[in-house]
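Reviewing the structure listed below.
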Amino acid sequence: MRLLVVNANTSDIVTEKVAAQARASASAGTEVVAVTGTFGGRVIGTRTEQAVGEHSAVALLARHAPGFDAVVIAVSYDTGLRAAREMLTIPVVGMTEAGLLTACMLGGRIGVVTFGRRVRPMYEELVAGYGLSTRVAGWRTLESTAAYQRGAHDELDAELVAAANDLVERDGAETVLLTGAVMAGVPRRLQAQVPVPLVDGIDCAVRQAELLHRLGSPKPRTGSYALPSPRESVNLDDPLARLLRDGPTP
Amino acid sequence: MRLLVVNANTSDIVTEKVAAQARASASAGTEVVAVTGTFGGRVIGTRTEQAVGEHSAVALLARHAPGFDAVVIAVSYDTGLRAAREMLTIPVVGMTEAGLLTACMLGGRIGVVTFGRRVRPMYEELVAGYGLSTRVAGWRTLESTAAYQRGAHDELDAELVAAANDLVERDGAETVLLTGAVMAGVPRRLQAQVPVPLVDGIDCAVRQAELLHRLGSPKPRTGSYALPSPRESVNLDDPLARLLRDGPTP
Amino acid sequence: MRLLVVNANTSDIVTEKVAAQARASASAGTEVVAVTGTFGGRVIGTRTEQAVGEHSAVALLARHAPGFDAVVIAVSYDTGLRAAREMLTIPVVGMTEAGLLTACMLGGRIGVVTFGRRVRPMYEELVAGYGLSTRVAGWRTLESTAAYQRGAHDELDAELVAAANDLVERDGAETVLLTGAVMAGVPRRLQAQVPVPLVDGIDCAVRQAELLHRLGSPKPRTGSYALPSPRESVNLDDPLARLLRDGPTP
Amino acid sequence: MRLLVVNANTSDIVTEKVAAQARASASAGTEVVAVTGTFGGRVIGTRTEQAVGEHSAVALLARHAPGFDAVVIAVSYDTGLRAAREMLTIPVVGMTEAGLLTACMLGGRIGVVTFGRRVRPMYEELVAGYGLSTRVAGWRTLESTAAYQRGAHDELDAELVAAANDLVERDGAETVLLTGAVMAGVPRRLQAQVPVPLVDGIDCAVRQAELLHRLGSPKPRTGSYALPSPRESVNLDDPLARLLRDGPTP
Amino acid sequence: MRLLVVNANTSDIVTEKVAAQARASASAGTEVVAVTGTFGGRVIGTRTEQAVGEHSAVALLARHAPGFDAVVIAVSYDTGLRAAREMLTIPVVGMTEAGLLTACMLGGRIGVVTFGRRVRPMYEELVAGYGLSTRVAGWRTLESTAAYQRGAHDELDAELVAAANDLVERDGAETVLLTGAVMAGVPRRLQAQVPVPLVDGIDCAVRQAELLHRLGSPKPRTGSYALPSPRESVNLDDPLARLLRDGPTP
Amino acid sequence: MRLLVVNANTSDIVTEKVAAQARASASAGTEVVAVTGTFGGRVIGTRTEQAVGEHSAVALLARHAPGFDAVVIAVSYDTGLRAAREMLTIPVVGMTEAGLLTACMLGGRIGVVTFGRRVRPMYEELVAGYGLSTRVAGWRTLESTAAYQRGAHDELDAELVAAANDLVERDGAETVLLTGAVMAGVPRRLQAQVPVPLVDGIDCAVRQAELLHRLGSPKPRTGSYALPSPRESVNLDDPLARLLRDGPTP
């Protein structure tokens, strides 16, 4: 199968990290292609960049999704997820959604680590939007931006381990999700230092996308995820305008 | 004061209706300017158009907000609301948010009328995102699209009245919100036929925007609604790129 | 318009503070009249006084409301609010309700500061009764009673600022509501020392009452806020007995 | 033991019905005394009467509670319950609270029958205030006022049975609570016609009050149910003023 | 009346403690018989032992319940409670359920003390299953196993008092429930050192079982607690197989 | 990999249906072994059988799990799920849990079809226990037992299709879960007649079990899903007693 990984951010470093983890997670026989946003914020970290990112994600999908079998949204706000699920006929999985739902099957309540206090409410809103607030044991927020640089990050690693262990110790978390596309691959590296499963959104999302592809559920023919009737639009780039007007190319 | 009414849709008919009601609702001394989206769907009615609309709303705001004292989001999905509240230093009110919160002060639970079953989940998600699900008595969905044509709409009016009365009678609604920017002005016209207050999102939003302007709460200096530090972006139109980089012009 | 501010407490000092803030908040052209309870506790601070205060509030309203255009309940338990909304045909706003709902439009979750651990459950019950528990980021309780004395309160001010900043820092509050009628006017004085909006219940309530008056929603003709059919009563003072029997005088 | 049954209504017919059921429910050795409100509505059926009733209930208790071992609040809005629990050192049980909590121990979700659509929101608010909304399977509202007349009520009985059976059949109720003090004794009479337990609030409340008396939990010394320090008041009748000032007489 | 106390654990020491408290709590005229599990864990403290305990409880009940008037489940996970309520025609009460519901009638939110962090999620799930999560003020977990030894436990007592007081002080608990069958009798001993009621699950359960017996609610004839039609089974011990096939002996 | 499918029921017909679907769902290279309970109810359909089934499931697992890589719980009450997750070091997935969580990734709210009104509360409790109640759009209950006979079931099929479509039409379900192990394979057969995805718990569970196996999350070393220290037990069959004492054989 062919899996499209969509990073609505406009910086390649995150796409690279995500793509590397996606390839590591994918089954033999899954071809992974990762694309990066062409407009908007470098790294979505504000509500405004998230608003632009919603458009960026659907524009990327309109252009690139034809010929793919499933999509992973590789921004940890699951930017564009619901729109993508509506406009495409193939499965679409968000990395944070997939991380949370997979963690549910590991058992117990989930600790969540986020980066930056300014974005924590955005994650809380995201989790609440999935109806999963009661599954969260607690939150920890780190302020480090080291993950966006290349190279080793010993100090950040130590902070992550401490945050995860504190969620276990004080909040009773039985799994810990490290949010952030830039965290792709980190859980596996730090797992030995934390006594409960560390969950990697990209790792889960790639596998869930494969699962949904093989499951083969049909596209809904009614409701908010059915294909809309033709929609007229203005000043959108060609692939997106065509998608809204004609629906998806298989 | 100067009030900017932002319609991220790209069709003028809704802007006209909204602007007319906004002027009717505004206090003497409030100048109302309404702007229409320059790209995206004609009328947001799908998740994909909503994703584009998020960008459309912030692009409109980046261009037009300077010099205004407050903003009303005139799409009933409150498209762009949270981003606008972050990126601007003036109050921003969503029409559905304002309708719901104002209805709370009229007392009791709220019946909600939406247009089109495909968008009802989007409204349910919106209300849940405000933490107000328990304040909703029930929902009714009409399929008519008559409201988007000019002229009288007797049949639609009858359906609206019936839906509102049914919410009162069977679900115990003590107020009824008619969602949809295109409903601007309709509640007042139909009020006499319904025994509980009919709530008009634009009417409430304009008044709440005036209220917040006069209240004069300061812009938060921390948290998810504070101005971000300068953000680098790619391929955005000038005003938005500048806003992300330099923050808002007063 | 004429605005009645109802303090079901029986001590004038709170009424004075409330009336001063109400006049400061009111628009030009709004006449503010504040009345004080004639029976019951000096300052409602127990469940028993609150029970008496419910009666006190409706008795005050029965006597004073005729001729007014809107009412503000100036006890921070919103004492008598629901009854007042039922028995009168003019808008009625509670100071804590108005503070919370207005804070919602400033964005994010709300920190709440209360006075005295014995009353904190009463506030928690109040917030839950409005369906707004999930909008609260956290609570802080101060034990000072200094606010009830005249004069400057430097120590109390310092405690308030510390509590508000702690709500922001540790609980992620994006606005902070200072409960208590006696806090009227304090948020504005301390605002500069807190990085998110401080919300003043009286300030909000006066403005929301004006808004609702101008909005002009009709009195419900059915449901729990409609005027009841004539009710027979025993041993109530004349205005209240008459109100129950004959309904409100315009 | 001596059990005080407090009806904050001012009509004796309800007190008589309640007292008869209370005596039927009480253990041998329990002396039941029922008192009726001296001011306020004949039968609390509006929010305004409920506000007055809160005062009426505490006034009755201040006068009559000395010498009793426990109290049952015999108005189905549990009028005055929280205040009574604070001001007295003996157990206090509300009839609707006791009905709901006892029903929980019978298993499954509870159907609730109320009288009059105008008061149904008041019951919903009451149940929500106990944190028990998720335990309710559904609601039915009857408009009959026959129960307030003396004599047989065949038509009402048939409506009650139909409502209860409909709650079982369509909403999956596994018990049914008939609210309303005036329903005291009715569940037993109609039980044979309904396939799940019919719950009588007075019946449960009397038994729970006896249970709490024998359980002998101490009066809290802190929190919102501890005795307050002396409270100054104005224009209250002597027993209540004294209670606020001096605390309860044993 | 005859009251059966069912301990699905297989160690007598807990049964003894529970039986002693049950006899102390029971009314004159109530005969208490306590039975211990014949297979499974010594003391249920894992999810696996709880799974076995569910069977153990119903096997004990099938064998011993005939001739009794009510049942108390004396394992603090309320092991077998819902099954017992279904399969028997007499009232069945769980010790933790009874403790929580009784605490509700004492007023305010409940602090909960549990033993062992590994089981705390099991208690949280139990409380959530009763729909009572919002009534819990907070949790404290002790690691001591001293309670399972005979003799005095001064150190444990000190820890319990500290935990209870901390729940009161920091979390605003207005009652405190000590979970664990082995805690039977302890609340009474430590009550003087805590300023709010300490709740003993066994104490409450015995009294609630007596109450339900006297209340005399009929066995439901429909729903999930009605007697099933005859059920065929395999390899169960005789009394249980017979119960499933023939229903309960009176 | 080797996948163990555990049916705690004691009738082979359900095991056969489940095993057939499990093999159809499994990847190439997955060996599926299905085992049937050796004691307890033929088909779990009461709370008592469910209580026995909890033991039956863990007894089966103690005997059969060694040598397997993952487990699917093939009773739709997810009987024994939490215990299995604790006692084994390999992933364990419940069929209803997996169905619900997978449905979440298809988007929107889930309609649930159950068999028999007596068990519907058991499903509601299960869903609530996963924290997913708000993701459910509505419920439908069929009374047919035809599925337990071999052969075609045209009438039942028609009822299932009607129930699913009604959930879509009236409750806005965007996916529909057919509960019941006996429904394994049915969703695929009826899919064409329903406009939204029909979800098959076994189909999802097998795929999720494979996914979790490949994901390779470590066994927690703390919390309620960690391996317990050695537990002493009484009168359990050898494999289970050994498991409790010595932990799992790899």
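The letters A, B, C, D, E and F name the chains in turn, as written, and every chain counts its residues from 1.
FYI, a contact is a pair of C-beta atoms (placed from the backbone, for glycine too) under 8 Å apart; a residue touches a chain by one contact, two chains touch by 3 or more.
From a predicted model like this one, the values you see are computed outputs, not experimental measurements.
Both chain C and chain F are touched by A, B, D, E. Where chain D touches chain E, the two copies mostly use the same residue numbers: shared numbers make up over half of all numbers in play. Comparing each option in A-F, A-E or A-C with D-E by residue number, the pair that reproduces over half of the contacts is A-F. The centroid of the Cα atoms in chain D and the matching centroid in chain F are 44 Å apart.
Averaged C-alpha coordinates put the centre of chain A at 29 Å from the centre of chain B. For chain C, the set of residues that touch two or more other chains comprises 82, 85-86, 108, 117, 120-121, 128, 134, 172, 174, 222-226. Screening every pair of chains for touch gives A-B, A-C, A-E, A-F, B-C, B-D, B-F, C-D, C-E, D-E, D-F, E-F.
Within the complex formed with chain F, the residues of chain E that make contact are 10, 37-42, 45-52, 54-58, 80, 82-83, 85-87, 117-122, 125, 128-129, 222-226, 228, 231-236, 240, 243-244. The residues of chain A lying in touch with chain E in their complex are 108-109, 134, 172, 174. For chain D in complex with chain E, the touching residues are 27, 82, 85-86, 91, 93, 97-98, 101-102, 104-108, 130-132, 134-135, 168, 172-175, 191, 195-197, 199, 203-204, 207-208, 210-212, 214-215, 217-218, 220-226. Contact residues of chain B toward chain F in the complex are 117, 120-121, 128, 133.
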